[in-house]
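Each of the next two complexes has chain A plus one other chain: chain B in the first, chain C in the second.
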Partner chain A sequence: MAEGTLEVRIWRGGDEGSFGAYAVPARENQTVLDVVTEVQRRFEPSLAYRFSCRVGVCGSCAMTINGTPRWTCRTHVKRVAPEGRLTIEPLRNMKRVKDLACDMDGFLDKWASVGTFEGTATRADPPAALDPANPARQEVDAAIQCINCAVCYAACDVVAWDPHYLGPAALNRAWTLYNDARVADRGAVLESALQPGGCHTCHSHGACTEHCPVGLSPTASIAGLKRASLLSMLKGGRA
Partner chain B sequence: MRRGPGWWAAMGHRLSGLALAAFLPLHFLMLGQALGGAEALESSLKIAALPLVKLAEFGLVVALAVHLAFGLRVLAIEFLPWPAKDGLRLRLVYLGLAATALVGIAFAVSVA
Partner chain C sequence: MSEARLFALQRLTALVMAPLVLVHLVLIVYAVQGGLTAGEILERTRGSFFWGLFYGAFVLMAAIHAPIGLRNVLREWTGLGRRPIDWLMVAFGLLLLLLGWRAVVAVVGGGA
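Our next item is the complex of A and B:
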């Protein structure tokens, strides 16, 4: 597929807008981010999009490619567009700012709303001894690799239906805090995950897990929070 | 957006639930006819023997099986431990579909 031309449609505008059509030379080892960059450099200097590391570390280049949310830097064109046709839009479930850049405030505010790390140790204390074999620590280790790229948030139909739903990334974060032995008030973390739009709003579709570029399972984290809330209720706390 | 098997399982669970909710009042209405005597119930049972009604019954039995299978899937996702590297537990969806197909075939064979 290295020879020929790609038919590329890219969203231009904010929530209101239209697709621009571009003919981009097909190349060997071409990622979707390469295509977007080539369009900006050669045809549309005003095209707005986000990227930083280009190697799947920062999580800032996620977009909707042929209807599926993905990291553009780790998506080879030949894998998603064997016919050479690409439609590139900003991520779903967030306000579109300009072209391929969306406003991530809502996503990040929800992420922060489940709480921050607050321990009890001071700098005078020795570092906490964390046993890697501890089951709770293993839950944290499995979920802590999230880099907030918002692909799961864009893939989630429940977020699309209910704008108050915290979404997979925020609840996955709550699960890591809840299982972290160093967190001072784990009950407060669970309370945060039980706020309106919290873990019980999840319908277990699994779209977050299906699309997570890191291979995490926010569905499992949310299921863990649901179990924790049930145990909390049986012990006389909130459900 | 392309929908995954989990989404279809959730939709099957929801829609079959709605179908059952719509059916149950009719079901109770028919059973309630027995209170008015055997003749009233008998006339209703004659309607139940019509081929189109039999087909609807088949649909309802399958809907019940879908609802049960995908309801159990949700319970398994939320209450059973998650084995490592089994991200979506898709086997539960396919198992539910297989169980539903078996129930549908069993009903069709018993009626035929």
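Our next item is the complex of A and C:
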């Protein structure tokens, strides 16, 4: 049983606001999400925050913890705050709605702007046979596990500097669509990733990859899109 | 011009500049041995078609490469609109070309 008390500061309000301070008992096994929940249950019933699965699947619980974007349900307090001091804020690069909840519209609109899955198969067709050893399929497999947590989007300085920039998660999604043999118009997916604010805006500095909680590399996916754009240009394509 | 083309052009010009910079550096190391005078440099460059082409090409590459890079920086760091930045960069590229080629003419032109 860990002893003592955590000194916790939590953002209250929207873009304008201030920190509330709370003393939360330190426990042997305690995630940051546990701390936020305990604050809401015991001290601050009006505290707004998001979570759902509590096991790192849904991607809804991300926040800024001591200045770093992280998923909170799988972040243990002992690992990120050995001194017992926690400052918890909403994710960066999005409008703050209330307390720890931010407006995800910009992030999700950009995600949708690179295209959604549109296949060629109909209900009558048998399921597509996908060869796991196929190189394009391996590119998809390496990038597909994104949980839409927006941690990378908050970590990226270029998103902060250029509001038009699609950001790592959307471009990572474009890369999985572009390499998916079942997608009807892969050229159109590439084209949407090449729009102003698309993959060429990335400086490859890798903050997204550094912070992605599920260990994806949007940086590599974006480099792949840049490569694909050069190839398509050499072949006289739509770039 | 599309983002993809500008991106490709910036890498391409960097690719050309890299060996030119290396040759330039090696030449500096070679030239400073036994002292360096303006006369000695001009003696090498005056009327030299090769050095004119060499430095003229570098200027052209830099005049393409630098505005593309600076365009990204201005987009991220200033509130200027995309259109104004594009025109500003065209002007900046032309300025680099003008100043660079004038300098090349100054060392290559004249003499025998």
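We adopt the following convention: the second predicted complex is superposed on the first by the 236 of 239 C-alpha atoms of A that agree within 3 Å, B and C clash if a C-alpha of one lies under 4 Å from a C-alpha of the other, contacts with A are read in each partner's own complex, and residues count from 1 in each chain.
We take it that contacts are C-beta pairs under 8 Å (C-beta built on N, C-alpha and C of every residue); 3 or more make two chains touch, one makes a residue touch a chain.
Predicted model only: the values in this text are computed from it and were never measured.
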Which of chain B and chain C A:Thr201 touches, first, second, both or neither: second
First (chain B), second (chain C), both or neither touched by A:Arg70: neither
Touching partner for A:Asp162 - first (chain B), second (chain C), both, neither: second
Which of chain B and chain C A:Arg173 touches, first, second, both or neither: neither
Partner chain(s) touched by A:Arg96 [first = chain B, second = chain C, both, neither]: neither
First (chain B), second (chain C), both or neither touched by A:Arg227: first
Partner chain in contact with A:Lys110 - chain B first, chain C second, else both or neither: neither
Overlap of the chain B and chain C footprints on chain A, listed as residue numbers: 203, 226
Partner chain A, residues of chain C touching it in the complex: 2-8, 72, 75-77, 82
Residues of chain A that touch chain B when the two form their complex: 67-68, 92, 142, 155, 157, 203-207, 209-210, 215, 217, 219-220, 223, 226-227
Chain A - residues contacting chain C, complex: 158, 161-162, 194-196, 198, 200-201, 203, 226, 229-230, 232-233, 239
Chain A partner contacts - residues on chain B that touch it in the complex: 1-7, 10, 74, 77-79, 82, 84, 87-90
